[in-house]
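Alright, structures below, take your time with them.
What follows is a pair of complexes built around chain A, which joins chain B in one and chain C in the other.
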Partner chain A sequence: MLKINDLKVCYGNYRILKGIDLEIRQGEVLSIVGESGTGKTTLALTLLGLCQGKVEGKVTLEDENILTLSEDEKRTLRWNKISIVFQDVARALNPLMTAGEQIMEPMLENKLYSLEKAKARVLTLLKEVGLSQGCADLYPHQLSGGEKQRVLIAMALANNPEVIILDEPTSALDAITRVEILKLLKKIAAGRTVIVVTHDLSVAAKLSQKMAVLYSGRIVELGETKKLLQNPKHPYTRGLLRSFPNMTTTKDLQGIPGRQENVLEGCTFHPRCTQKISRCEQEVPELEQQADRKIACHRGGIVTLLETRDLVKKYNRVKALDKVSIELVEGETLAVVGQSGSGKTTLAKCLMGLEDSESGEIFFNGSKLVNRKKEFYKQVQMIFQTPQECISHRLNVLDAVIEPLNIQGIGSREERKEMAKKALQEVQLAVDDSFLKRYAHYLSGGEIQRVAIARALVINPKLIIADEPTSALDASVQAKIIRLLLDIQEKRGLTMLFITHDIALARKISDRVAVMLSGRIVEEGPTCEVFSSPQHPYTRDLLRAAPELSSHYSQETKTLQYCQVLKLQERSGY
Partner chain B sequence: MKKKALDYLLAFIIIISLNFLLPRLLPGDPLAAIYGEEALIAMTSELEAELIERFGLDKSLPEQFIIYLSSLLKADLGYSYYYETSVTKLILGALPWTLLLVGLGLVLSTLLGFILGLESGWNRGRWQDKGILTGLMLLNGFPDFFIGILLLLVFAVSLGIFPLSGALTPYTGLSGFALVRDILWHLSLPLAAVVLSEITASYLLTRTTVITILGEPFILTARAKGLKDTAIRYRHVGKNSLLPILTRTGIRVGRIFAGAIFIEIVFAYPGLGVLIFNSLMARDYPVLQGIFLLVAIGVLATNFIVDLLYKKIDPRVV
Partner chain C sequence: MHVDYFNCVKKNNMGRMGLILLVIISTIAIFAPLLTFYHPAETSPNTLQFPSAKHPLGTNDIGQDILSRVLYGARTTLVVAFLVGITSTLLSAFLGGTAALFGGLYERIVMRIADVFLTLPSILVIILITSYVRPGLLMLVIVISAFSWQGGARVIRAQTLSLKNKAHIAAARTFGAGNLYILRKHILPDLGPLMVAGFVQHARRAVFMEAGLAFLGICDPTTVSWGIMLNRALEFAYLNVWYWLLPPGLALSLTVLSFTFLGYALEETVNPRLRVKENA
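Showing the complex of A and B:
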């Protein structure tokens, strides 16, 4: 068992690790992930007693504190108990020594084997890592990147250590070699204690059972790899996941705002966090147990912004909403999909307080919504499906966009005008006087919809409830506006409830999706999961009907079985 | 390596051709260019005719080149009218002393510089490093001959431990071990002067190389493997640092030879340096030309040896 207690490292005045607590049980594979420069390699080197900075804290291996060992004791610890496969594969081998000599070196240094036996062991090790025996006599420049990596792995196994550290084990490799090396690593990891240090989430996913997310020298989230990747709870973990190109998630790539800074006070992530509160800048959050994982966040991880419980709404005797429960967390897009008449717009209207629900509760920012005040509308804005209805025809474009600012009393007159113009520009509209003075009912459908979007964005809300906001736009303008919304989401944590019947669009913009049918939510979950393995037959139909670009006939002849059943039922008056 | 050998052959041909062409292309009388005006003044007309005949100066250039080559093959570098003996003989008389001085100087200064550089770079920033660095930088401030003069004054003139000049004690008829001792005794001061003036270059190069190599990832690997300091220092750092030093050695031969000329003069050491000096004074062109040809070939040969050594150490070179 390897135990790390309150480990701190600084280079000069620059603190790299700011108090790491970790426990790695024997035979466990733990991954440490985080952006470049968060101190992953520093941590790895510290475990080997090779860190050049000032080190405080405790690292215990078999009841012995590594950090207080003498230089000689550290030397015997290295490679015999802990070995490492270094990040810089291309240069980690001595160019003037053969692979065999280098693998053999630590065995002979510790006089573990006679020369004969060591030579024999080199050949066994080479075989174990999938190299031919001939490789022993080759020099590093005669080996490919993948082969070098295998030699490094063989070398790490030489003295049969209990703990192996893998620092970015695949970052230098091409995709195919990467898969092979991962397979090899998985094999050698069995029965050993392994620490995988990487910024490649897919490596962590493949190799490790447990994952620690490191940010700016602190662990911010720690738990089972699978759970963390499926459902990240710390804003930083989610940011990492969103910026990592992979074949599993479908949403467009989004980064993390700002860049890593050396934060001295408060939560290390606060300059980049979209949900920070004043406390975040003053106090360091402790890493605390929260259900299935540990999180270091004053708000307990990503907060729930909006939640409904069993919302019911009837028009006459038709149930437009039938016990609808949804949850919308900060900085996330929830797509609500379903055919027309399934109750999507009703849901939006109930949330905005434009309709009253018969029963059920709505929570906003943790407290139950009873009546909505001005403050609520400052944070929550809606983009309507038919903007003509909500923009008074007596207003010109400029007045329409300024109106919310007037209501909320934000800025001076001049400032308001500037803000309005900026919002109009962002939605790709003109800002010349003739356009600003034009009355809403003279605008084309696409233009008025964009004015509506500008109107919603202008007061910089936290949550936008958007009802088919881009359905009247042509694809190229829609693409720009979607990009804009996602950018605002990335920068400020804009939360979106995005109602659409465009499945393909939902796939690109949402983190989670809720499928509505006849006022009920029949399926809900992470978009990638729902769309890759839909459970409800109606969801399957929706997916079949989604636009594709391939010309196979099979697409057109796909039958929408469930919808046909529904139609039959309707006709028979069910 | 084949290509390398070809390069050397080409360089060799160019050197020989230049040596042949340059005096003949100079404006004026080619004989004057080959022998120097002064030699000609003292020359009788029969001798002049004989020389023109001998070099084929009345023939076409290609024919002259063939004559030149064939005399080179016979190791005939011409005749010195100043010394009144053949140039080949003169050079052969001086060459061993220079080879001894320059060769040993090159090897010793490189070796010592390497050892000190390794020590210094390994201990970068600590007292060992600071001490060696300051000492050698100070030494580097003096001109080559000045070090020679200083050594001469202190150890030969004042203390009298070493001889003032020469390479041998004349007319003693020493042989065997006694002769070797006598030679070494005479060699000591000039050699020390050469080594002292050359050591800084190889030291500084080694030191920077060692510092760069210490930052290489494979050194971190070696450390992580739990190797002892000596193993890391010599097997990993040392061997890798040798490469740039070897490369530079080939380049340094020319420079060290030039430096040795002054030192030979200071110690009246009867090598090529003194010969060059005297020939320059007497405008004895054939001797000078012969020596330059030899030096050029010497530099070429050293580089060739360096290349061979490099290949032995660095597996990446094919």
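Showing the complex of A and C:
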């Protein structure tokens, strides 16, 4: 068992690791993920006793503190008990030695094998890592990248160590080679304690059972790999996941705002965090157990911003909302899809307080909403479906965008004007006087929609309820606006309830999707899951009706069976 | 509804006429002291004189200059007209607007009161009240206003109800606006045309009402009012005092006419369906 206690490393004044606590059981594969510069490699090197900086804390392997060992003792430790596959394949091999010689080196250095036996072992190792025996006599420049990687793995296996550290094992490889190497690593990892240091989440997902997310020298989230990737709770983990291109999620790539800074006080992630509170700037959060994982966050991970429980709204006898329960966490997009008349807009109106719900509860920021005050509307904004109507014909562009600021009483006159101009610039509109003085009915559909969006954004809300905000726009303008909203989501953690009937759009922008039918949510879940394996027949119909660019239309699968059933039921007065 | 009232009224023949008349009458009312030689209340021993160079319209039974009284009378009429116009318009806007906005019991109470006032023959009630109170000018304004808001209130409530459901008001609500903000910024401006039309109507009615009450002799007899002049002159009709009877009657008719013309013109601008095709 490898145990790390309060490990701190600094290079001069620069603290690179700020107190790491980890426990890796025998036979367990742990991945350490994070952006470059978060201290992953330093951690790996420290475990081998190769770190150049000042090291504090304890690393215990079999009840022995590695850090206090003498240089000689460390030498026997390396390769025999802990070995590493280095990150930089090209530079890790000595160009003057053949592959076979290099694999033999650790065996001979530690005098574990005689030359004869070592030579024989090299051949078995080469076979084990999937290389032909002839490779033993080749020099590194004669090997391909994948082959070099395999040689390095063979080296790490040479003395049969208990712990193997893999530092970015696949970063320089092409996709096909990568898969092969991953298979190999999976094979050799069996029965060994392995630490995978990587920024490639798919490598972590393939190899490891446990995952530690490292940020700026601290572990921010630790738990089972599968759970962390499926449902990240720390904003940083979610940011990593969102910026990682993969075939599982469908949402457009989003980064993490800001850049890594050397934070002296408080949570290391707070300058980039979109849900920080004042406490985050002062105190360092402890890594605490929370349900199925450990997490270091003063807010207990990503917070739930809006939640409804069994919301019911009737218009006469028609149930527009029938026990609707949704949950929206900070910084995510929930797409509500369904055909017109399914209650999507009613849901938005009930949330905004434009309609009263008959029964059910709405929670905002953890507290129950009884009556909505100005403060609520400062944080929650709505983009209406009909922008032409939602801007009074008496207001020119500037007045319209300033109106929310006037109502909320934010800033002085001059400041308001500046804020309005900034919001207009954000939505790619002109800010010259002639445009600012124009009335809404003189604008084009796309312009007026963007003015409406600027109005919603100008007071910098935390949650936007967007009711078909782009349905009236052509695709190129729509793309720009969607891009803008996602950018704001990335920058400020904007949470969105995105109401749309456009399935293709929902797929690109949402983290989760809720399918509505006759006032009920019939299916809800991560967008990728719902769209790749829809459970409800209505969802399947929606997907069949979604726009695509192929010209095949004749497939019998294109018939919308469930919708036909529904229509029949309606006709027969069901 | 961006209505440029002035230009619309100016383009309309009736409107132009009404406007010119009203401007003339107002000018006379304002500059009355410069246009006359006598104070209207000033008596003299020269009673019941036929028009002459000294008294262009003659004198009345107690020797007051009739011209002075006609010109000064315009002041009373216009003051009453404007004050009643403003108070009853504001009253109807306030009651109708708030009824529509707040709804519920408040709305029902206000609208039932409006219904009661609509069914009451208000002239009779006003005559009854004023004959007991014998009101001064201000009291007269209040009494007339109190009985002329009901029609306007219904119209404004209806308009507010339709405005209330407009999306831009819903949008303002989602910015956190309260009822007062919405009334001030979004509803009143759109009620403007209705209120202007209402104002003219109320003013016209007030001119009529004031003169009528004065003619019946149920207001303060010391006010200089065309109605009172008519009342007094009729008593001396057997002496053939047309120079006394005719001018206040004519002035009264012209004032009412000017308001009526203006009212027609405004109604046309506010309600485009009444507009005669301009380029046809």
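The rule is simple: the second predicted complex is superposed on the first by the 561 of 574 C-alpha atoms of A that agree within 3 Å, B and C clash if a C-alpha of one lies under 4 Å from a C-alpha of the other, contacts with A are read in each partner's own complex, and residues count from 1 in each chain.
As a convention for this text, a contact is a pair of C-beta atoms (placed from the backbone, for glycine too) under 8 Å apart; a residue touches a chain by one contact, two chains touch by 3 or more.
Since the structure is predicted, the reported quantities are computational estimates derived from the model, not experimental observations.
With the two structures aligned on chain A, chain B fits next to chain C without clashing.
Of the two partner chains placed around the shared chain by superposition, chain C is the only one that A:352 touches, whereas chain B remains out of contact. Of the two partner chains placed by the overlay, neither chain B nor chain C lies in contact with A:431. Of the two partner chains placed around the shared chain by superposition, chain C is the only one that A:459 touches, whereas chain B remains out of contact. In the superposition on chain A, contact is made by A:393 with chain C only, not with chain B.
In the superposition on chain A, contact is made by A:88 with chain B only, not with chain C. In the superposition on chain A, A:384 makes contact with chain C only, not with chain B. Touch criterion met: A:403 reaches chain C, while chain B stays clear of it. When both complexes are overlaid on chain A, the residue A:376 reaches chain C alone and has no touch with chain B. In the superposed model, chain B and chain C sit 130 degrees apart as seen from the Cα centre of chain A, a figure rounded to the nearest 10.
Taking every C-alpha of chain B against every C-alpha of chain C after the fit on chain A, the minimum distance is 60 Å.
Partner chain A is touched in their complex by these residues of chain C: 1-2, 166-168, 170-177, 181, 186, 189-190.
By the touch rule above, chain A contacts chain C in their complex via residues 352-354, 373-378, 381-382, 384, 386, 389-395, 403-404, 407-408, 452, 455, 459.
Of all residues in chain A, only 45, 48, 50, 75-80, 83-84, 86, 88, 91-98, 105-106, 109-110, 139, 141-142, 155 touch chain B in the complex they form.
If you check the complex, the residues on chain B that touch chain A are 216-218, 220-228, 231, 235-236, 239-240, 313-316.
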